[in-house]
Amino acid sequence: MAILIDERTRFLVQGITGRFGRHYAPRMRRYGTQILAGVSPGHGGEIVDGIPVYNTVADARAHHPVDAAIVLVPGPAAQDALLEAAQAGLSPIVALMDGMPIQDMVWLRHRLRHSATVLIGPNSPGLISPGRSVAGFIPPQSCCPGPVGIVSRSGTLTYQTAHLLKARGIGQSTAVGIGGDPVVGTSFVDLLQRFQADPETEAVVLIGEVGGTMEEEAAAFIRAGHFTKPVVAFVAGRSVPVGRRMGHAGALVMGRRGTHASKVAALQEAGVAVAALLTEIPSLVAARLRT
Amino acid sequence: MAILIDERTRFLVQGITGRFGRHYAPRMRRYGTQILAGVSPGHGGEIVDGIPVYNTVADARAHHPVDAAIVLVPGPAAQDALLEAAQAGLSPIVALMDGMPIQDMVWLRHRLRHSATVLIGPNSPGLISPGRSVAGFIPPQSCCPGPVGIVSRSGTLTYQTAHLLKARGIGQSTAVGIGGDPVVGTSFVDLLQRFQADPETEAVVLIGEVGGTMEEEAAAFIRAGHFTKPVVAFVAGRSVPVGRRMGHAGALVMGRRGTHASKVAALQEAGVAVAALLTEIPSLVAARLRT
Amino acid sequence: MWLTEHRAKSLCRDHGIAVPDGELAATPAGAAAAARRLGCPVVVKAQVAISGRGKLGGVRRAADPEAADQAAASLLGTRMDGQPVEAVRVESYLDHGDEFYLSIGLDPTQATPVALVSAQGGAEIEDRAGAWPDLLARLAISPVDGLRPYHGWQLVTQARIPAPVRAGVVQVLQAMYTLYRDLDALLVEINPLAVRADGEVVALDAKILVDDNALYRQPTLAQERRLSSAERRAAQVGIHYVPLEGDIGIVGTGAGMAMANMDQVTHFGGRPANFMDIGPGILRGGARVALEILLERPDLKAVLFSGYTAGPLERVARDILAALAAHPQRALPVVVRLQGHQDAEARALLAGASDPRLHLEADFDIAARKAVQLAQSHTVPPWPS
Amino acid sequence: MWLTEHRAKSLCRDHGIAVPDGELAATPAGAAAAARRLGCPVVVKAQVAISGRGKLGGVRRAADPEAADQAAASLLGTRMDGQPVEAVRVESYLDHGDEFYLSIGLDPTQATPVALVSAQGGAEIEDRAGAWPDLLARLAISPVDGLRPYHGWQLVTQARIPAPVRAGVVQVLQAMYTLYRDLDALLVEINPLAVRADGEVVALDAKILVDDNALYRQPTLAQERRLSSAERRAAQVGIHYVPLEGDIGIVGTGAGMAMANMDQVTHFGGRPANFMDIGPGILRGGARVALEILLERPDLKAVLFSGYTAGPLERVARDILAALAAHPQRALPVVVRLQGHQDAEARALLAGASDPRLHLEADFDIAARKAVQLAQSHTVPPWPS
């Protein structure tokens, strides 16, 4: 089954005439991703790699039965593009670019909080359901179909992990890079819920990072019994000096959460196997898969 | 039954320490309206006519089981006060003061569009369920209990009409002044729906004004069969020179609606008896009441 | 509050919308000097907030400064549709091709801002849009989201604005929405937005209506507001006065009551001289100021002061007596009907004053009819000028 | 980007929050002159964006201009917590009573701004709030609604701010939210907000953190940003460089990969000299600038360039060769591991260059271990200064 996207998902690409759009759109299509249309204001009528370009999402939707969006517009224009896609009812919306102002994203999350839209990112490498569809920067050759779901806050580590698993002969159901920004549209917990419901997924690899509390929330979710499949985790940034802390608000808001140690401890208390090095992940996964 | 408010409705009054609050709060209480608390930021701890005053709605609610709000703060502070009441879950919220910037109200209507809050006004005289409860400026002695609902865009004409009916021996179930501003929280149609469902109401008097399209919408609602009780209407402003029209947007947005003639014609086509003078209303109503 | 075209255009330019260069002139010589500075041909435009100004002759083309002088002379000091022409805008005449219609306004039915765009602008937009509704692209704007660039692109695509100028029109729409929001406007209209040979889009006319309720947070605009001294006195005590051309003065408690009074006076054959809403009578001195403004109008033959309120009618009655006492020479009949809170006390106070100008009535209709009768039988005495 | 206290306070004052009078001084003499102008006693405060500045001696009281001169002399030119002290703020010392804590910050867990208020402010707020959570009033703010006056009143009521100063604190909270929103801030913190004898509330310290992603729309602040030339070069090509104190340079494709590289180097006994994220390798010249910045650092003993990307690795390889070619004298070993799109072509290009400094590896772990080994066996040759 995979989660979120498969070979039937029909995408449009916002920002298709930019450098990233022109580089990635053809590569995704070649893998099999259904990209029916592109959107770039002022470029309506152009063609990119055989894909027709429109000025607005509304115009593209009037001509093509698209379900989902891949968003490759730069950070300053990201809120507009994501709102446009959400208002057109597209889902999932995969926001790949970095540089989106954090308040723009906070506003957008609030704005869409009662909406059914699934927003991945921003600053995400995208996601892949191997053998079916890729939306974003993940190199498809790093992956192969199989029973392991990947959720990751890091872009490159998403496919580095897939690559390590593939080298060990372990394929993936879906690999999702949720995005490296402090506020993103979809959390680890959101994706664990989907992987729990996906019969094809037998285990999940979770790649966290220092900062924020998303790993602690995932640990609490697992500990509460809402996710029952094996989880292997890695938390990047053990050697990263704690960001220069100034002011008291951070500590008052976050309490003792957010550090490498707090995340590893919370995950371990939830029964998650935490790898010290990324390269340890495949054997930890292999030991936990049904054979 | 009456609609919206009755003897069990428990109010707080926002702006109770202002001139309007001090004048009207005691009068409403004397009529029997349950006013449990007042709110005026910076006046927490004071007492107005035996009513304890708090700094915030949240604080008042923490001490008293209030359901509904009467809002007597001036226009510039109205959006804050109405949002505060709505976020506290109060309903109905009766906004009495004029001078609220129209964009503030447009924003608020949009903000509350998925909320169950009933917002009457702004620039409303309030409403009365005679013999039970009054919220606002309507002089209770103008009314008496009975089978006729009143909905009015004009404040004074609400009670002038009630007074004329009372002189004829016809009482009211509930009389509601929806407010004289171009954008208000509750429309004629909203109230017709409530009067339709109210077994005590046998007929409705609708007092319109030139401008806007609310009378035309009410006419369409009645014509479509959604309101089946007798309606008598009066549209004020026949002699008012059409406001200086400038620009084309008004005509492009409104089409041919909004004039005295268009409103009277629409209502008459819906089977509504339209009075040429306010004083004709009682006999038109009397002729249509079940005897 | 309507802004003048000149003010609206300077705001447009501040927000990045191109407008023709132009200057305000209050004298023919000033218009000629402006034409010299701007370079001819110029257009001389009466600065009055009326509709159909062009058809009424309020816009004149001038080939040289002398023609500008003459055009200004023929406009300044006249009245157009009742409005005095106190200034003209002299602006460069621009050659252009297509004319578009753009507006951001309030749709009271949907309680939302609405953007309208047509590729066929100009004075006949209403008729054309009536005949061919497809010419008009229309989009409701969420006040929370605002008008985004993609909304602009939707509008220009739907309105079939020619592709080469779409990006420019989208920018104008965004600037218009910013004006609409930041000025607390009820309407921002550009008609026409003209396309020049180089593809630049220029606003040849601009109309902006600002919400009076929001003027407290638009101090610059509020200062520029032009009110008569009577309107200003009324506004200062929080009452609403609009002078009209009849001879029966009207005071009502609330806008609806004021309108109903006007309707009744008209119904019985009289002509209302104004709209006056004093609210529920809570405002100290409001009733007094209202009546004094009417007593000071030499053209009135009667006043109908008719209201119903839960406000303090005793104070209203005292206000009425104070106004009459302040104008002992003014032999103007004043019909008073007061109902509501303290109406017995108020009537007693008024009756006790024994002022022959006062006519107390209890019935809504009879009071109006009485005012009409008094006006018809009344000869206006000479008014000390 | 952290604003200096001086900048933060001038923004506070612009938004109506009272702050002590103060001046920036870059020399002891300047500090003394400022003290003379302000009137003594004054406080001399090191302008460094660190926590616990007071405990580290960065805040000195001076009874007269000479003491201010000495305090500035003892601070300027030193480093506090790694940060150079380049300026001091000299400000009037204010007698005061209560000290409150106020902040508007981002709660990343709830993805919402959050306001915090405590009647017990000061440097120990964290410990106190840990021990007595009731001391801290907390309210999530909707970014659509903003922080309204009633939110402020809820906070001051819950935090038991004394009644006489509540209205003043509510005003400060609203100004702080305006700053937070309009500056694209991630944190606006005032600690302490002090109460003077007359009831006025004054911000004695202010910290503001601005979102780097939003600096494009904060041009004034962006201009004031202080970056080293290397950080500036990196930012210009859109890559992210943070220098650290180790000796192994790190380049990663993406922030997570850069962090994982640092973790591995640490794991195998090395010390990362930096964080460097070049993204997926799409940005022209990004890899070249990244490597050149590291080649130009005289303190490095090895570089680990390790990445995985669907970007064009051929171009990345050419960038690596160009960087090495531009620094032919720099005998720094560079371990390269590249996986992903075009990795075979990239490896062939690099191998073909036969640069003895280049060490190609295919395995993630082995590459990191190799970099550590090379750094340990490496003697840094003299660097032409």
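Going by the order they are written in, the chains are A, B, C and D; count residues from 1 in each one.
Criterion: a residue touches a chain if its C-beta (ideal position, glycine included) is under 8 Å from a C-beta of that chain, and two chains touch if they have at least 3 such contacts.
Nothing here was measured: the structure is a model prediction, and the numbers come from that model.
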Which chain pair is joined by more contacting C-beta pairs, A-D or B-D? A-D
Averaging over Cα atoms per chain, report the distance between chain C and chain D in Å. 54
So, in whole Å, the Cα centroid of chain B is separated from that of chain C by 27
Check: chain B positions touching at least 2 other chains come out as 111
What are the residues of chain D that contact at least two other chains? 144
Considering only which chains touch which, label the overall pattern as line, ring, star, complete or other. ring
Under the stated touch criterion, can you name all the chain pairs that qualify? A-C, A-D, B-C, B-D
Complex interface listing, chain B residues touching chain D: 41-42, 44-45, 55-59, 77, 80-81, 83-84, 111
What residues on chain C touch chain B, complex-wise? 2, 49-51, 81, 101, 103, 105-109, 111-114, 116, 125-126, 129, 136, 142-144, 181, 184, 186-187, 189, 191, 207, 209, 211, 213-214, 216-217, 244, 252-257, 259-260, 262-267, 272, 275, 279-280, 282, 307-312, 339-341, 364-365
Can you check the complex and tell me which residues of chain C touch chain A? 144-145, 148-150, 153-154, 157, 163, 166-167, 170
Please give the residue numbers of chain B that touch chain C in the complex, ascending. 19-20, 23-24, 27, 75-76, 98-107, 109-111, 125, 137-139, 141-142, 152-160, 163-164, 180, 182-183, 207, 209-214, 217, 236-241, 244-254, 276-279
